[in-house]
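Both complexes below contain chain A, partnered by chain B and then by chain C.
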Partner chain A sequence: MVNIMLRFLFAAFTSIIMGLLFMGIGRKFIARIRRHYAGPFYQSFIDVIKLFSKKSISHNWIMDFGVMMGFAGIIATIIFMPIGPFNVFSQMQGNIIIIIYFMTIGYLGMAMGVAASGNPNATIGIARALTLMLGYEIPFVLTVILLVFANNSSLLQVMVVNQQGGFMEWNAIRYPFAFLAALIALQGMLGEQPFDAMIAPSEIASGPMVELSGKFLGFGFLQHAAQIFLETGIIVNMFLGGSQNFFIFFAKQLALYLLTVAVSGIFPRYRFEDAVKFFWMAPTALAAIQLIIFII
Partner chain B sequence: MILYSFLFALLTALLSLFIRREYNYIRWILYSAVLASLTFLIYTMNGLWGYSESFKLLSVGSVDFSLNFKVTPLSWLFSFFTTGLSLSISLFSIVKNRHEESERSIGFFWLILSVCNIAIFLSADLLTLFIFWEAMTFVSFFVISPGWTKSFKAVNYYFILSILGAFAMLVGIFFLYSKSATFNIESNIAQLFVLYELNSPQAIFITLMFVLGFFTKSALMPFHIWPAEAHSEAPDDFSSYLSGIMIKYGLYGSILFLVPLFVFISKFSQTQPMSNHIPLFSHILAWVGAITSVVATFLAVKSNDMKRLAAWSTVGNIGYAATSIFILSSMGVAGGIFHIINHAIFKTAIFLSLAAVKYRTHEREMHRLGGLAYKMPVTFLTFLLGIIAAAGIPPLNGYASKWMIYQSLLSGRFPFLATMIFLSSTGAFMYLFRALHSVFLGQLPSKFDDVKEVPFLMQIPMYILMLLMVIIGIFPGTVLLPVNSILKSMNMEEIKVTYTTMYSMLSSVDAPIVFLVFAGSFAFAFILYLIGKPRRHVELLDNYTAGQDPKEFGLTREMYHFALKFYEPFEHMFDKYPRTNTKEFYDSFERKINETGSFIKKFYSSSPRSAVYIFTLSIVLIIIYGWLVW
Partner chain C sequence: MLLTSTNEIKDNGMERILNFFRKKSLWMLHYCTGCGAVELPPTMTSRWDMERFGMGPMATPRQADLLLITGYLSVKSLKRVIYTYEQMQEPKWVIAFGSCPINGGIYYDSYSVINRLALYMPVDLSIEGCMPRPEAIIDGFTKLMKAIEKGEAVGYKKYRENYEWYKANQRNVLERTSAVLKEEA
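Moving on to the complex of A and B:
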């Protein structure tokens, strides 16, 4: 029991720390692309600590509860994901369907919390985010189905084991179209440009974040950090062969994250209904083609 | 025993008509007591598989027509859960109906309906099934529309479709009876299987008749429009009965009759076309289920009426269950049955909480509501847990059955069916959140400032349902172990399951661990929350308004609640594409029928002589037909 709790805490803290680190590096990276200056790479840590120590306002208990639940949902999902060689539980090593459904807790919690703040800007942002979710879920699920068929198991750990032995064995090389679809879906999942209509600072005042202050915004930060860690981690496990070494695993995640940041650095914002249409066209077609090739 | 309890319940219903209006809560307490005793009776029948009762109606020559009841694992599970849920709904109705105008007819017919409900599940042959099916259709007509104009219009869709379906089923039953000379279900399935080998088109026709009967009742495509009409216009507490329990009869019939038939065909037939190791017919029906769920999801996203939204969500869930059942693997059938039970529980919870909202506010349009969570916390929690279960989010019961459905679809290699189910599942999250936000979160309109939580007696069923959702979520075996005995009685392979763990070919899930992980992460978040500096509470309207003073431009709470046209841009995505409207189709069908009717009427009533001619001619035609055929 104590062992499980320690493993739980290890996974939770790793995800938060690495996620915040990725965020900081991403900021520096995008500053280099746009030729301006950014804070140090540990700026996100400072931000979170600062936010947690500032005073904050809340409108009702549902807002407190929702924001906590949003963060808890993402952490709970990370518990089921293999982090390099590390798994919290010996069975259920990355059951991908459980992971997909657990992620929704996070979205539901965050959505509930900010909707309870009573600000229409926040709710508009949530409506956009949920609509966008309907878009990127389809190509992502198609790639998941492909990998489940290919490995005859829905465990991420089995997928990792089946990719061992050099990068030619990686699913990214075996199923390039599906990898591409998953990358586009990842862009949407992380809410990076061009799929960031739900945040849209100049249009709806940062959307969901508009009423969050102090530690509530801190929770938002932490949730985003954990989400970066989670979603890049899933793709690394699925397509880039995971790793038996923590550092290589993190490096792969960072590379993926920097790729999405680089894409977001040069693209303008899509209207979100156009984004949904795009998701249902290009990446879905890619994933479906790969699936049909596999079945034949 | 079964028959006597039915007679007892019917007698109670009749006697209750004499209760005066001032004391109408006594009627509902009486009903709750009857339902409680029926639930207990059914509970005691657990394990008495094969116990049967027969009651002879009449004999024509050497042929006996009798009512036969039999307890099987399948019938036990369905009747137990449905009666238990009706008990919890009737507890809700005690207070709810105290000031209801037409509660006398609602209550009287509802109790008869509960009897029909049990009788449908316990019936041992097709004739008994059909008799109670018809009775249920007629009786439910009067409950949905107890003399209200609006609900009368709505109930017509339900009634006409149900009657058409029931008659199609009757045609199928008589065709089979003419071949097998018995109403017994097992021998009729065997007979139909033989017929598939001998005369395939006729067998397909008979099966299609049964499919029509079952699908109209369960509102699968293309009969999917009646729930949105009937569920939204029915009395509020009865909506939960309609949506949680009554819509399942079609799926029950499918599991009872069609699934064993298709399993037979897939095991032994060499002549029937197969696809993906299941009969093509069954595969098509699975697709019908998936398409129904997607269509219902998109229609739910569009609806602004909260009961209509929940009704569309019901249709979507029926779609999942149908897909899962018709892929015929034991995992699929088990997942389907499990989802039917789970859906009954969480949809009852959702509809009861909506009924509670309507009881206090008398509003159904979602954009007129808002912020009720701060006033009605228990109702809010019930609804929240209900939508968590309905969206298939762990750790409540909905995710367990959805997990099984996905496992069966993936291990049976149906990638595109699985994608469609995923699509409608994500869509379900979308529209359910919209309902949560528009009704319970956001700004509270000032006219609802003194809304109170519903009375304690109405909260009791909500507590029960919340507890059920959590318990089944943590211990899925409580339902899945009885489901296993159903699979055994259907001669299918049992699934591997314990009280806590579900196994499939692809992976396994330990439900208590899932729950503990969720609880642990929440505790982690809560500790972080405590570490942060304490928050200050601020009034809801004191909000970010882009730097303007709200009082200056006359901001009201109603204006600041974003609920109307929530997903409008999403709806506009489909504007370019041509749309088919099923409701318009049925309406135009109705107009055509009316035209034909008025034409015949004109002809018929022009002179008595022509009426006599038509009558004689039709008699002669019937005699000639009988001559030629027999």
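Moving on to the complex of A and C:
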């Protein structure tokens, strides 16, 4: 029991610390794309400590509960994801269907928390986020279906084992269209441009975060950090061969995240209904083509 | 009269440690009705790049630490600025841009513009100039960071201690215009 607790704490802390580090490096990277320098790579840690040292205002207990549930939902999902060679429950081996179910808890918690704050901008923002979720889940689930059929298993660990032996064995090379679809879906999952209509700062005043102050925003930050770690981690396990080494695993995640950030650095923003339409057309078509090729 | 001097309400102990993180991550909210707002985009973007200091623009008062009053304030907008300031969470700081919030600037004899912002809100730092260039703004920010590190930038505590004094000043000037602004309470 103590053993499992320790493993859980390890997974939670690793995801938060690596997520914040990725965020900091991503900010540096995007600044270089735009030809300036930005702060140090540990800027996100400073921001989080500052946010937790501020006073914060709560509107009602549902807001407290919702923000905590959003954070806990993402951390709970990380339990099921293999982090390199590490699994919190060694017999679970990362069932992708459980992960997809659990991932929505984070969003729903956030939705409950920010909707309880009573600010109309927050409600608009979270409505857009949940609508966008309808968009990217379809191509993502299609790629998952493809991999489940290809591996005869829904366990991420099995998928990783089947990809061992050089990068030519990676699913990204075997199923390039599906990989492309998953990358576009990842862009939407992380809420980066061009799919950041839900946080549009000058239009709806940063959407879901509009009423969050101090510790609440701090939890929002931690949730986003853990989310970056989780979602890049899933794609690395599914398409980039996972790894038996922590550092290689983190490096693959970082490369994937920087790719996302680079795309977001040069794109403007889709309106959210156009974004959903785009998700249902282009990446869904790519995933479907790959599925048809696989069946034939 | 103001009740406490700055020395008595200085930060110390644990606050001083947290101040190290606070000064490196100042998120700002700009109140952009004055002409100083036009100097901010070059300060933020790649030419002068204030993100080096961990500063960045924020969308709402709840998230921000630093309120920038960029230029003159009419009495009508003073009311909004006070609402905004009171919505911000402590610790919070105020920077007044340009001559207008210091002594009225070119609007010194206007019937509808306030002359000294410091009478109505605790201003931590004023950047003079009409308008201050980005270099002056960055210089002002670094001065504020030093003051925060030393625990001297405690305008928000001053506001709390002297709430009655500030409120009386605010009432004075807002009542003067109540004949016009009564409708919107």
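Everything that follows uses one rule, which is that the second predicted complex is superposed on the first by the 296 of 296 C-alpha atoms of A that agree within 3 Å, B and C clash if a C-alpha of one lies under 4 Å from a C-alpha of the other, contacts with A are read in each partner's own complex, and residues count from 1 in each chain.
Here, contacts are C-beta pairs under 8 Å (C-beta built on N, C-alpha and C of every residue); 3 or more make two chains touch, one makes a residue touch a chain.
Since the model is a prediction, treat every value here as computed from it, not as a measurement.
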Note to self: Tell me the contact category for A:148 with respect to chain B and chain C: first, second, both or neither.
What the structure shows: first
Next item on the list: Once the structures are superposed on A, label A:210 by its partner contacts, choosing first (chain B), second (chain C), both or neither.
Entry: both
Notebook entry, point to check: When the two structures are overlaid on chain A, which partner does A:21 contact: first (chain B), second (chain C), both, or neither?
Noted result: neither
Next item on the list: For A:123, decide between first (touching chain B), second (touching chain C), both and neither.
Entry: first
Notebook entry, point to check: Should A:89 be classified as contacting the first partner (chain B), the second (chain C), both, or neither?
Noted result: first
Next item on the list: Of the two partners chain B and chain C, indicate the one touching more residues belonging to chain A.
Entry: B
Checklist line | Partner chain(s) touched by A:57 [first = chain B, second = chain C, both, neither] | finding: both
Check: Touch check for A:37: first (chain B), second (chain C), both, or neither?
Finding: second
Note to self: Let me test your reading of the model: by the given contact rule, A:49 touches which partner, first (chain B), second (chain C), both or neither?
What the structure shows: second
Check: A:275 contacts which: chain B (first), chain C (second), both, neither?
Finding: neither
Margin query: Please report the chain A residues shared by its interface with chain B and its interface with chain C.
Written below: 53-57, 205, 210-211, 214
Margin query: For a test of understanding, state which residues of chain A touch chain B in their complex under the given definition.
Written below: 5, 8-9, 12, 52-60, 62, 64, 68-69, 71-73, 75-76, 79-80, 89, 91-92, 95, 97-98, 101-102, 104-105, 107-108, 111-112, 115-121, 123-124, 126-127, 130-131, 133-134, 137-138, 141-142, 145-146, 148-149, 152-155, 205, 210-211, 214-216, 218-219, 222, 271-273, 276-277, 291, 295
Check: Hey, which residues of chain B end up touching chain A in the complex?
Finding: 371, 373-374, 380, 384, 388, 391-394, 399, 402-403, 406-407, 410, 413, 415, 418-419, 422-423, 426-427, 429-430, 433-434, 436-437, 441-443, 505-510, 513-514, 517-518, 520-522, 524-526, 528-529, 531-533, 535-541, 543-544, 546, 560-562, 566-567, 569-570, 572-573
Next item on the list: Would you pull the chain A residues touching chain C in the complex into a rising list?
Entry: 27, 31, 34-39, 43, 46-47, 49-50, 53-57, 201-202, 205-206, 209-214, 217
Item checked: Parts of chain C lying in touch with chain A, wherever the complex brings them together -> 18, 21-22, 24-25, 45-46, 49, 51-54, 57-60, 62-63, 65, 89-91
